[in-house]
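Please read the structure below before turning to the comments.
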Amino acid sequence: MAPKALAVIAGVGPGTGASIARRFAKSYSVALLARNPTNYEPLVQEINSNGGQAVGISTDVSDTNSVNSAFEQIAKQYPDTKLAAAIFNPGGGFVRKPFLELTEDDYTTALASQAKGGFTFAQRALPLLLKARESAQHPPTLIFTGATASLKGSANFAAFASAKFALRALAQSLAREFGPQGVHVSHAVIDGVIDIPRTKGFVFEHEDAKLSPDAIADSYWHLHTQPRTTFAFELDLRPYVEKW
Amino acid sequence: MAPKALAVIAGVGPGTGASIARRFAKSYSVALLARNPTNYEPLVQEINSNGGQAVGISTDVSDTNSVNSAFEQIAKQYPDTKLAAAIFNPGGGFVRKPFLELTEDDYTTALASQAKGGFTFAQRALPLLLKARESAQHPPTLIFTGATASLKGSANFAAFASAKFALRALAQSLAREFGPQGVHVSHAVIDGVIDIPRTKGFVFEHEDAKLSPDAIADSYWHLHTQPRTTFAFELDLRPYVEKW
Amino acid sequence: MAPKALAVIAGVGPGTGASIARRFAKSYSVALLARNPTNYEPLVQEINSNGGQAVGISTDVSDTNSVNSAFEQIAKQYPDTKLAAAIFNPGGGFVRKPFLELTEDDYTTALASQAKGGFTFAQRALPLLLKARESAQHPPTLIFTGATASLKGSANFAAFASAKFALRALAQSLAREFGPQGVHVSHAVIDGVIDIPRTKGFVFEHEDAKLSPDAIADSYWHLHTQPRTTFAFELDLRPYVEKW
Amino acid sequence: MAPKALAVIAGVGPGTGASIARRFAKSYSVALLARNPTNYEPLVQEINSNGGQAVGISTDVSDTNSVNSAFEQIAKQYPDTKLAAAIFNPGGGFVRKPFLELTEDDYTTALASQAKGGFTFAQRALPLLLKARESAQHPPTLIFTGATASLKGSANFAAFASAKFALRALAQSLAREFGPQGVHVSHAVIDGVIDIPRTKGFVFEHEDAKLSPDAIADSYWHLHTQPRTTFAFELDLRPYVEKW
């Protein structure tokens, strides 16, 4: 039996990344990248207990060597496996401060986590996605997670918006270069608060006012299953009561 | 047994509209609106033969009385049926001419078919969609079909782009007003040539260079099934080789 | 002595239109179009008293015959005069209502005043602007006035946003078709409350919170004086304290 | 006599930066920042010979210490002078390559030159611009130079577009934070080839197909003179024959 194809998900914590991992693990082996093993360990165990195949790799996406090493480990562990999907869903670099209180480190950390992190991740993933085209059930897919700040540079968001705009530029550029080569590159704008443990305390006037990580994952899976005749590049996801 | 919920699709021909009708007919009764009965008759027959429920109603979306009368007919035929989805996928108003050769009639026909047509359709559909919220399996959904010209006013497209920009404004405005009321309003930007009988002769350098109407329909269905925590407003769909 | 070149300004009331008229009257004869003569009469008198040359023509921009007749009158009155600039600054069609309270008339009036009005105005003005290229001091210029609703379809703005999006599409399309022919087509997004008699009662927390019509006019004049090497298409103007 | 106010222009070579310097030198002392003294020396001499006041400071905008040291030098040389305008017009970081040929250094250099450079420049300039508000003839102004790649991530432009998107996000964020404080922050999208010595050999089908640096400078000056009632944030400048 041919080995299952693989999905790599960078930025796995208790939120969107975990839901994406569970969704893609229904069809693929999954490699879960997060800085802190506590972020992926319970999930790896959960997926493996439920009949899936998961490994976790401690990775700092802002550090090129760390990303390289993660992909080397993947290559060793899954030597004949095709890369079906690569999801860049980084958590780092968020900062909200008046501009004159931002430090240079705030600014460069945001860029390193989101923009440079996306660059390195894409450089490692794209050769594998290109190689997987022939035998793939769905076009090999590279998805980047965006935010409100991907489209709007609000006051106090100079660092995070710079990083998220840059990541979106990267995604657009890759979609235009690799789409015609058969790799589906997408960018999802997540516009609202996600319903994760960290936001449990955020109370809203309306029910259902937080994004469901599972529903986000369903949309990522939908993007992945689109045939090459009909690729979506961008999707904006928000709760029904969100102001935009 | 409760009657099946209903989907109304305006603008049904041999292309996207037909695929949407087939997709939504798997779960719902469908009412298919088109000016010319030859556009819906074979499809109505096909769906009914395959165990679905379809009716066709001859409707000119640019004519308010005609749209009103279609919705009256729907109300009579399906008195207790909930409206699950309304899709505005109009075909009219396309015109490509140097600006000084456009007639006033070209311009107003484009606006009437797309913008005013969308307005009338939404005014009839929204009260029904609001009424269907309680018992609906998925949030009641109103989807508008856009085009490249929804985002870019190209030379020689003054009339069509005006109409498609207007339709997108309508969709945005409705999403912001009715989203918080639990109706999912979306706009799909169809950016490329669709693979339909009329475009069979269009030959491209690459395979698969035309949008698949069935894949477009799958994306519309995906939009429809999103929970209210996680609504997408806009989706851009194009063939992998399309320049954009 | 050669006759002064001409500027035509449609939509002249006590606000932006008047300031544009005064600004362009420093260099050109001006023809001022407004539905109601009380809107242009004092201004015509003021300009003529100050050494300028102005005429007013009662015109309903939503009525094609009325626009045609205005341009015929201009042709008669200024048979040898070159059209240096045409400004479409229409006031009609504004309406803010919950969608289900909008009437068909609200919707079509908005489209007729803004979109179709812009279409007719451009069809009459462009042949004259093209003819004026040779001898013009600055590239002949066609400017459309937009609004916040040109870029965002907000709740309760379905009609006005549809019309303003359509007008922007028209402007884009004309810029792409006539720019390369040497006519400068621009669109100005006026994002905020303008300081005019009608808004005197609007009190804001901060000083200077309303747009200055004279400053808007200065920006229109700046657009007009750009050489063809360096055309701006779009400009967004707002008070320093405006949220956007 | 009060000392003339000051304008600081970062990114001065034989193109746009030089034209901006000449334009602002008509009203202000100018401090010209460029990595290489050969880029500013002839210009400093020219401005000083023509009755203006100019100094050049060798500065690498991608190096925080270098930017800090430039502003220290400015503070020493013009201790009582108010900063009227700061223009960030960086030349570095341009790279056009297939994505898999881009090096990490290509990517981080682009971000450092444009995004981080803009961040550092703004951090030094904004306190001075805020201090200058009271006595300023025009609202103190911070202008960033963008490019086609500020709005569109094209194939082969992943690095440059990331950097230019990030710079635009920075500009937006600063406009929203410092506009309400009376500092005018703008972003100009320069969309086309600029007519400078380096592009003399680029031959186009049409005359005047390159942007005039002097006309760009006139637009920057126009932005600077806008009152706070009527700030433009963004302006797109292109030759009349440019495709967009």
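Letters are used for the chains, namely A, B, C and D, taken in the order the chains are written, and counting of residues starts over at 1 for each.
What we mean here is this: contacts are C-beta pairs under 8 Å (C-beta built on N, C-alpha and C of every residue); 3 or more make two chains touch, one makes a residue touch a chain.
Note that this is a predicted model, so its numbers are computed, not measured.
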Rotation angle superposing chain C onto its copy chain D by C-alpha atoms, nearest 5 degrees: 180
Interface residue identity across copies chain A, chain B - same or different by half: same
Chain A-chain B separation of Cα centroids, rounded to whole Å: 31
Approximate Å spacing (C-alpha centroids) for the pair chain B, chain D: 46
Averaged-CA centre spacing for the pair chain D and chain A, given as whole angstrom: 34
Chain A, residues touching no fewer than two other chains: 176
Chain D to chain A touching residues, read off their complex: 64, 98-100, 102, 104, 107-108, 111, 115-116, 119-120, 122-123, 126-127, 149, 152-159, 161-178
Interfacial residue positions of chain B with respect to chain A in the complex: 139, 176, 179-180, 182, 184, 195, 206, 208-212, 215-216, 218-219, 222, 225-242, 244
